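Next up, some structures in structure tokens.
Shared between the two complexes below is chain A, which pairs with chain B and chain C, respectively.
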Partner chain A sequence: MEPLNALVAFSNFVVIPATAYGAQLALGALGVTLIYGILRFSNFAHGDTMAFGAMGTILATWALQAAGVSLGPLPTALLALPVGIAACAVLLLLTDKLVYKFYRARKVSPVLLVIVSMGVMFVYNGLVRFVIGVDDQNFDDGARYLIGAIQFRQMTGLDEGLAIRTSQAITVVTAVVTVAILFWFLNHTRTGKSMRAFSDNEDLALLSGISPDRVVRVTWLIVAALATIAGVLYGLDKSFKPFTYFQLLLPVFAAAIVGGLGSPIGAIAGGFVIAFSEVTLTYAFKKVANYLLPESLEIDGLAQLLATDYKFAVSFAILVIVLLFRPTGLFRGKSA
Partner chain B sequence: MNPSLRTPLLFLAVAALIVLVGVLQSWNVALGILNMGLVSAIMALGVNMQWGYAGLFNVGVMGFVALGGLAAVIVSMPPVDAAWAAGGARVMAAMAVGAATIAGAIFLWKRLGRRSGRGLIVAAVLAIGFVVYRWLLGPAVDAIESVDPAATGYLGGLGLPIVLAWPIGGVLAAGAAWIVGKTALGLRSDYLAIATLGIAEIIIAVLKNEDWLSRGVKNVIGLPRPVPYEVDLQNSEAFVTRMSDWGFDPVTASTITVKLAYAGLFVLVLIVLLWLAQAALASPWGRMMRAIRDNETAAEAMGKDVTRRHLQVFILGSALCGLAGAMMTTLDGQLVPTTYQPLRFTFLIWVMVIVGGSGNNFGAVLGGILIWFLWVEVEPLGRWVMDNVTANLDDGILKQRLIDSAAHMRLLTMGVLMLVVLRFAPRGLIPER
Partner chain C sequence: MIVVTDIHKHFDGFHAVDGATLEIPTGSITGLIGPNGAGKTTLFNVIAGNLAPTSGTVTMNGEDITGLKPHALFEKGLLRTFQIAHEFHSMTVRENLMMVPPRQTGETLWNTWFARGRIAREEEALARTADEVLDFLTISHLADERAGNLSGGQKKLLELGRTMMTDAKTVFLDEVGAGVNRTLLNTIGDAIQRLNRERGYTFCMIEHDMEFIGRLCDPVIVMAEGKVLAEGTIDDIKNDEQVIEAYLGTGLKNKATA
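Our next item is the complex of A and B:
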């Protein structure tokens, strides 16, 4: 019976990774939900938008590294982030001008826009593979751990170690800052308020003299920033591989739908719901259980509910439950 | 152009492209493209039913195709008796418990009505069922997977002719489609998309991880064939003399004969399906489907049960994808779960439907063969372009990079093609009449 060790093990293997992952999903889902709210379609190209932004950042990071610039213990990628965001913004605005604008002017049905976004997804995916290839790229430099497992054990005298990777800490801090700025922007600036008005009731917003072009432009800019930050954080935390970004589409959409499409606060909640369920259900609880159980009852099995490869099944199951019982999501999104 | 002339002309053009490959590259490549193109055409036909007839957005084609592949293994491979003895009964019991748990939970949920504590009771049933299921499954799976893992390590199949797997693949896919359709149809159209995306990923995860079922990433190879083997033909006296008489090299002739045999089978299936699809589209049922697609509210007001009809056509279309998946695995002769990539098996099929002409069955078939042709041929073409572009460059990173990138040209090409068609010819090459 060592509840403290159990708690540490649980934090180390479940709470900390899930928090970082949840923050990444939340940022991705925020982008999806904003596009849904303002432009009124589910953007299938979002995963590849994240990959593109991350790629821009990686290229800039390499340039900075070659020039000998570094942030010390922090990854250089943070310095390169604005370049990635700018590249992503240019790409998205260009796409909007060349592709989406035409359909928006004709007020086509949302499902057609989804199909168009599928074509865009192909192009982005091709672009990313074209420029950086399909291989893993590790671009995380700087200190690896904020607190190492051994260091923690020495500090506390516990058997179990607790490690916080720098990338995890950076993820959470960056996500909090980004979300704070986003909410401040949406709630307190004129442009942000006009965006919310546009999302609530397009016709009324137009009647009040809000320029739709401006709202759309600003939306894409924000989406570029969110997608790039999410992509870079995910890449720092795990590694950058174009294909995994495409696969992020499912958990990101699940997060946005669980929270309620179109609701920013819902996207954040949804991100953490999905992340915590995924990590908890696929974690082998043997260690934690054996710390908690008396010695005579210790278990041999892994006590793992689902194999790690079934993490998609978790997003999917949550999605299905929400669709069945609360189709508008936890925070009453706009979908009926 | 006269629309009645347009269709045969376009098909002739595609046939000419394939003949061109035969002349310029090799007939083996050309027939390979044709066979896969025919399979893709059936998948496109399925997606066209869902999208073109009913406006349903299915992005889980890959999953249904993979289920067809699983059917090919389950039907055609010989059973592994040792594995069945080791844990077959227990696995079956686990499956039964799993199914009974879910059915029981749904039954209880409906039966208990709005009584308080309903959620808790159902959750308890699910939890107990899950524990029993895992308790039954775990040891059985270990036992099965330890039976000669290098060669088998799975339950094997039924040892039946592989052609039977084609309809069974369709049935398996239809079952999965029923589950998805029941949950996601009747809600917003994008929800169906996300749900199908999810189920496809789950099916692939099952194929990769459940080694007792289909050997997982160890792959099942050497599936039985509905057509003769090349080696047998080469050893056959009659075949060799006849081919030599006709002036062909017996080895090449044997590979081509096998491919032609597949092509014959596939064309037969395609013609039957195309005929059925055309008949359905022209029937009152087809008119009703289009009426629902064009104006759901009006159709509903006329007393049509929109959600039911959607479910019906969704199941039918997915069944076609499953059938095509079983045919594809038969053609490949192996089930390799890692080759199922969404870009190739879901989104490429969508490009086929959009480019071919959504709502038109002939369009879908044409798109299937044409886009598959492009998918295969864009890579060597891109390579050739890049070689020419970089011919005057000095050797270095840029040159190497450009040449390597030719491999990724196809995604870019497909995306641009799809966007251009959607923008400038949204009705596709052969528009709906």
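Our next item is the complex of A and C:
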């Protein structure tokens, strides 16, 4: 029985990766939930928006690398992030002007806007592949580990190693900072309050000193920032591949819906619920179990509930369960 | 003065408003009554810009305001409240009021970060105005309550308060008294009367409570089947044959007089 080793192994393979992944999903889901709350439709193009923002950041990173700029142990991508956000903001505002505005003026039903966003999704999809290609792009530079497994073993004298990658640490720190700024903005600034007012009651917002055009614009700008940050953090942590971002749409939506569409707090909670479920259910518990069980009971199997191939099924299953038993989500969003 | 001339509003052949013509004198508290389905709320929606009329015109002090959108009318000082009170439910009562005035410095992203001092001063002034309004409406104790937690009547008071945060001149109240208890109804009535006398507000209100109407309104306009049926003081209206007929139906009236 070596509970300490079990704990370290569990942290290393479940808690740390799931926390980083949860933070990425939370940022993605925040974008989805803001669009749902304020513009009142489910934006299917969000995964590809994340891909576009990440692509902009990658291109800027390469330019910086070529110019010999570096942040030392931190990835150069952090420096390139504002460029990615700006590129993404331009794309979203342009899309709004060319596409969504037309439908908004006609007050079409949300279902129609969802279909429109699917069209936008395909366009973004093609755009990203056209510019950067369909292959994996690795743009993570700087130090790979904050704490390496060997280093940890030497420090603690345990058998199990615990590694924290730089990208994981950056993900969590960036997500915390971003969410803090977002919540401060929504709760304490007049612009943020206009957005909440618009989300609470559109009819009344139109009868106040709230300019709907401005609220829409600010929403897209914030969504561009959130999507780009989420996309870049995911790319740093895993790798950048356009198709993966398209696939991310499911867990991101699952997170937003589980938390309650339209509720920012819910999006964050939902992100972590989905990430932890996904990672825990697809983790092989053999090692952890064998550290905890007496020697005579040690197991030979993997003790893995689901093969990692099925990880998307986990978000889907959680989605179905939540919709069946609590359709408004954990934090009572607008609807689901 | 608001002049409504021959307004028609048809929904797929159903004539909800069928040639309504009326005047709302400046400085009056005009009551609009009529049986259910008379077209009162539809007419309100047309005047307040929520619905475009099929035909007809609305003017305010001689200016044609037909078909203007609600926010354009808001800019001109014409406001409305809703039959079911609207509020920003996730915000406090004070914040609800502070959202009303247009063109605040803090509305742009740029100013949010780079004009903090100006925004702070502006918000302070707004908060003071909001507190005065709440004081006027005798609901100061609710300032920091989430608007979504208010009772129906308190929400109606909040709606009235919203009109006081801006240069409202004309306010349309859609059943401000519906579902409100007596005490609160009196508070609302007092507030309407004081706003009318002290600040020169013009009110036009749809109402079913005859006692409330009688206390506040002059003139009273009666609508039935999409048209204006009668107009006058509450006493004129009460004794008008046509009005009694519209409310009770011919058969019932005969029974009542028999």
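One rule holds in what follows: the second predicted complex is superposed on the first by the 335 of 336 C-alpha atoms of A that agree within 3 Å, B and C clash if a C-alpha of one lies under 4 Å from a C-alpha of the other, contacts with A are read in each partner's own complex, and residues count from 1 in each chain.
Just so we're on the same page, a contact is a pair of C-beta atoms (placed from the backbone, for glycine too) under 8 Å apart; a residue touches a chain by one contact, two chains touch by 3 or more.
The model shown is predicted, which means the values in this text are computed figures rather than measured ones.
Using the contact criterion defined above for the overlaid structures, shared-chain residue A:G126 touches chain B, although it does not reach chain C.
With both structures placed on the common chain, the touch criterion links A:V320 to chain B but leaves chain C unconnected.
In the superposed pair of complexes, A:V111 makes contact with chain B only, with no contact to chain C.
When both complexes are overlaid on chain A, the residue A:I274 reaches neither chain B nor chain C.
The larger set of touched chain A residues comes from B, when the choice is between chain B and chain C. Listed in rising order, the residues of chain A touching chain B in the complex are 41-42, 44, 99, 102, 110-112, 114-116, 118-127, 129-131, 133-134, 246-247, 249-250, 253-254, 257, 261, 301, 307, 309-310, 312-313, 315-316, 319-320, 323-324, 327, 335-336. The touching residues of chain B, when paired with chain A in their complex, are 55, 57, 59, 138, 183-184, 187-191, 193-195, 197-199, 201-202, 205, 208-209, 342-343, 347, 350-351, 354, 404-405, 408-416, 418-419, 422-423.
Across the complex, chain C meets chain A through its residues 69-71, 74, 79-80, 82, 86-91, 95, 99-109, 112, 119, 123, 162, 166. Residues 185, 189-194, 196-197, 199-201, 203-212, 214, 218, 221 of chain A touch chain C in their complex.
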